[in-house]
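There are two complexes below, and they share chain A, which is joined by chain B in the first and by chain C in the second.
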Partner chain A sequence: MLRTRGDRIAEYATCAVTVLVLLVLYAPILVSAVFSVVEIRRGEILWETFTFRHYVTLWSNASVIDALANTAIVAICSAGIASILAVLLALYTEWHGAIARTALTLLIYLPFLLPPIVTGLALLVASANADMDRSVLTIIIGHTIFVLAVAYRLVLTRLQALPPTLIEASFDLGASRWQTLRYVLLPHLASSILTGALLALTLSFDETLISSFVAGNEMTLPLRLWAMMRVGFTPEINALVTLVLLVSMALALAAASLLRPKGEPEED
Partner chain B sequence: MPTRGLRGLIFAAVAALPAVVILVPLGSFLVMSVARAEKHRIIYDWTLQNYVNFLGNWTYLSTFLGTLWLCLEVVLLSLIVGYPIAWYIWRQKSWKRYALLQLAALPLFMSYIVKLYTLRSMLGLNGLVNQALVSLGILEQPSQVFLYNQRAVLITMTVIYLPYVVLPIFLSLERIPRSLLQASTDLGAGGWDTFRRVVLPLSMPGTIAGALFAFVLALGDFITPQMVGGTTGFTIGRVIFSQFGLAFDWPFGASMAAILLLVALLLIVAAGYAASRRRV
Partner chain C sequence: MSLELRKVRKVYGSIEVLPSFSLEIADGEFLTLLGPSGSGKTTVLRLIGGFAAADGGTILFEGADITRLPANKRPFNTVFQDYALFPHMTVAQNAGYGPLVQRRDPVKSKKLVDETLEIVGLTEFRDRYPAQLSGGQRQRVALARAMVCEPRVILLDEPLAALDAGLRRQMQLFLKQTQRRIRTTFVFVTHDQDEAITMSDRIVVMDQGRLEQLGTPKELYYQPRTRFVAGFFGDNNLIGGTLSVAARVETPLGSLPVAAADGLSPGTSVLLAVRPEALRLGNGEAAIAADVEEIVFGGASTRLLLRASAAPHLRLDVRLASDFRAQMPEVGQRVTVTYDPADAVVVPA
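The block that comes next holds the complex of A and B.
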């Protein structure tokens, strides 16, 4: 392709914007990592204050450990339940005998599309009406319906990409419905289920807005951080923040590496 | 095909759980919006008084309109910054493109509250922004203007919701067949003409989707305004949240959230319509 000067200017300008914005987007992890090990005064790094002490004291902070345990329980339960539901719902909505397919699909996507404040307070009102105390269980329900859309979408896309001949062949070879599901469909869906579960874990790990309505007296890690933030900035928070960022980025990268198409054809 | 009865039974079995945990809560919150609160008790008497109170009170109404305006600003700013980024990533090839795409997507999964926390410390009096401006000689001394006002909310929301705008735009750019670009060049169009007449119109569905994401997310956000907005950065999300805390008027809070829900649904439908009309 011929390149004019205008094209080159556009290329350089957008490159500059991209680099600048990526720096801003990644500043959180850099800033908190640096502040967690050294003190900075008047723009100067005080190297003599370098210490990993704040990471150690974090483990003796009972409220942080409690919040961490809650977050782990909620993330694992909601990702697990959402994955099972997603497979079930995807198989159902792709089934030729399904009723009210559009309405059901809309219902699945709604909590993800709506502002989280609406989902959060809808659950709060419903649990109050049902005389259900707010607890880890209500947080799990809230996170499950929030991450369900992502898990469902991934499984559905894979399911729709499967050639129908695969299932017909399975039936022709004498497999029962159950055997077809167990030995043909599920192995083909496995990686999309795993990717969905990982994304669900990541989303649940960070979820704050819905949790703030349904958590009651329980604390998840983001809620704990929010409470600590209101008090002020301490190196201990920075240590916690660095760990939180590393965990969520690791989860997201793991999901991304699963999503990456293998043997991608090169263009041009 | 199984019989009608069996199909109904299977539907009931599959849809029961989603209905109980999604449909019932949404329904009960809408019912709550037409109830009224009296001394910590909720009385269900099907009244539209909450909506009348909201629409008739200029303080609430102006906060709501101000929030809509703020969301619009967030959308415009993220499009102005996000579109060039998506375009640049799209122009790259093979590994560079994939790496940049991942770098742009990864912040989606960085903890929201953590981003808020670091942005707040960066914009603060002793923050990086002030320190940089002072050491560059642009400012004489650290300034308070970056934090605890409406502008701070705008900047913070844009940074947080930017990746939601970049990704859909990139995805719709990626769907444009290379042959169309070559045809445009062959027919004598320059870079700018190709962009304006081919690339920009074809990337509209993604641009609309990105704008929708940013708008809806900013609309219901109540933690960002609370953490960086100070007293002037008041949004409808904060008002709603306070009804479920100190003010303790759940029906009133529910009615405001119902209006929020209506706006979000209208936008989703409108965006879906606009995007489908532009599909080739």
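The block that comes next holds the complex of A and C.
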């Protein structure tokens, strides 16, 4: 198609706006990343101070490593449990005989839609009433409830996109329900389960507010970061922020690449 | 009789899709369920396949009642309209799915898959995914997948609907040849009469959940028994009238002869059906005067659209074999057409 001058101007304008938005969004984060390797005094970057020392210091900080370990355990467990629950719930709510479908769906989405402070508080009261000591377990429960909505939505969307004839074809060829789940449904849902798990992992990794209610004496990385910032803004904090950012970005990119379509058809 | 449906009834909500449907399908035949959309043909196929439960009646296979047998326990396989190929499996894995889930011997299954892929001409595509195949190739994978299970009956739900005209003709021939080769019963659903005529041993014409007529393509084409079949099958000229004694129909065009009017008593309102190719220019026992309204050259045949002089609301469709040397009438010219009474059929109006 021929492009007119107007088209080109519109294209440049869109590019410019995109770059500007990205700059405004990411500049503060970049500042953190820069601060983690160099010092800035009176608005001037001192390049001679360039060092990865703060990352090494961070690594030798036992409380940070403990918090990181807790965060990893919580993120992996909550993402894993949420993914399994998401598949079971999606299969149930899409089943034509499902009872209380609307109520169940609302229950799944509510913790994600409510302000985290309400969810956090509710979890705190619930755990106190259930005589549960606040620990890594309560954080895992809190995060699972919070991230379940994302994992469920992704699995459900994929499940709804499944042509019903694929299930019929599987039964038609002699498969049992279990074989149909194993050979047809789960492979079809695999990318959405993985994407949901990665997003759940990212959300759990960053979650602060709910954690602050249910963590008790345990620390997660964002909570540790918060505690460190109250004492003073050190280069280690910038290093930690940069690391959190890199991990989140890597997970988000992995999730995005999984959502890309594959395969090119042949001509008749 | 291989497969039999006895007074099968199916209701969806408040709509009775099949009031009481009976059909017998012989072993090894190519039977087509033909009808417009909403005629219940796909419902019949789904009931045979076990994808829908009958609300009444019985389905028998070789004498055994299979009405309540689930789809995965029936010795039938289906080729779906959208092919329903598993997108995450290769051509060979798709074809081998049946033997896999039925836990058949893997070595024998692989041999069977290879042989079947060869029959459908897809050996070189065995490692491709469905997304990398064309429509025709996907269709053949769907057929191969059904064939590999060595079913007694293969059910085909409008499998050619998504293909373009040229490829559709190729696939019609291919399906017919394959059916002859593997000698399996094919139950084929379509709304396309040409497709049904080309491929079937017998055709069931359906309308509003009822079996209108069952017969060979020739029987249905030349001897329609109901108004619906006469109107649906081909481009019959339908002329309304009353049956009189001595096998004649009193019509607005005059008294027209028919060879036979089985089971219809004089005085009955009938439709006289004459095929376009049965009408010819000239005089005879039946003589209809008409004006030429349009001439359409169609290669092997030329179509004349006439308006009857005695009843201008009646349009006649005449198809003549094209002849380069023959003198054709011109538009506006008055002509007389006739037919052999043996070529005319009467159906109740």
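Details
Going forward, the second predicted complex is superposed on the first by the 239 of 268 C-alpha atoms of A that agree within 3 Å, B and C clash if a C-alpha of one lies under 4 Å from a C-alpha of the other, contacts with A are read in each partner's own complex, and residues count from 1 in each chain.
The working rule: contacts are C-beta pairs under 8 Å (C-beta built on N, C-alpha and C of every residue); 3 or more make two chains touch, one makes a residue touch a chain.
Keep in mind that this is a model prediction, so the values were computed, not measured.
In the superposed model, A:H188 makes contact with chain C only, not with chain B.
In the overlay built on the shared chain, the residue A:V125 is in contact with chain B alone; chain C does not reach it.
In the superposed model, A:L166 makes contact with chain C only, not with chain B. After overlaying the two complexes on the shared chain, residue contacts for A:A69 are found with neither chain B nor chain C.
After overlaying the two complexes on the shared chain, residue contacts for A:A175 are found with chain C alone; chain B is out of touch. Residue contacts after overlaying the shared chain place A:V24 against chain B, while chain C stays out of touching range.
One of chain B and chain C touches more residues of chain A, and that partner is B. Counting contacts as defined above, chain A residues 266-268 meet chain B in one complex and chain C in the other.
The residues of chain C lying in touch with chain A in their complex are 49-51, 70-73, 76-78, 80-82, 84-88, 97-98, 100-102, 129, 131-137, 145-146, 149, 163-164, 167.
Residues of chain A that touch chain B in their complex: 1-2, 4, 6-7, 10-11, 13-15, 17-18, 21-22, 24-29, 31-32, 35, 42-43, 85, 88-89, 92, 96-100, 104, 107-108, 110-111, 113-119, 121-126, 128-129, 141, 144-145, 148, 202-203, 205-206, 208-209, 212-213, 222, 225-226, 229, 233, 237, 241, 244-245, 248-249, 251-253, 256, 260, 266-268. Residues of chain A that touch chain C in their complex: 163, 165-166, 168-176, 179, 183-184, 187-188, 190, 262-268. Across the complex, chain A is touched by residues 1-2, 7-8, 10-11, 14-15, 17-19, 21-26, 28-29, 32, 81, 84-85, 87-89, 91, 93-94, 98, 100, 102-122, 128, 131, 135, 159, 162-163, 178, 182, 185, 190-192, 216-217, 219-223, 227, 237, 240-241, 244, 250, 253-254, 257, 260-261, 264, 268 of chain B.
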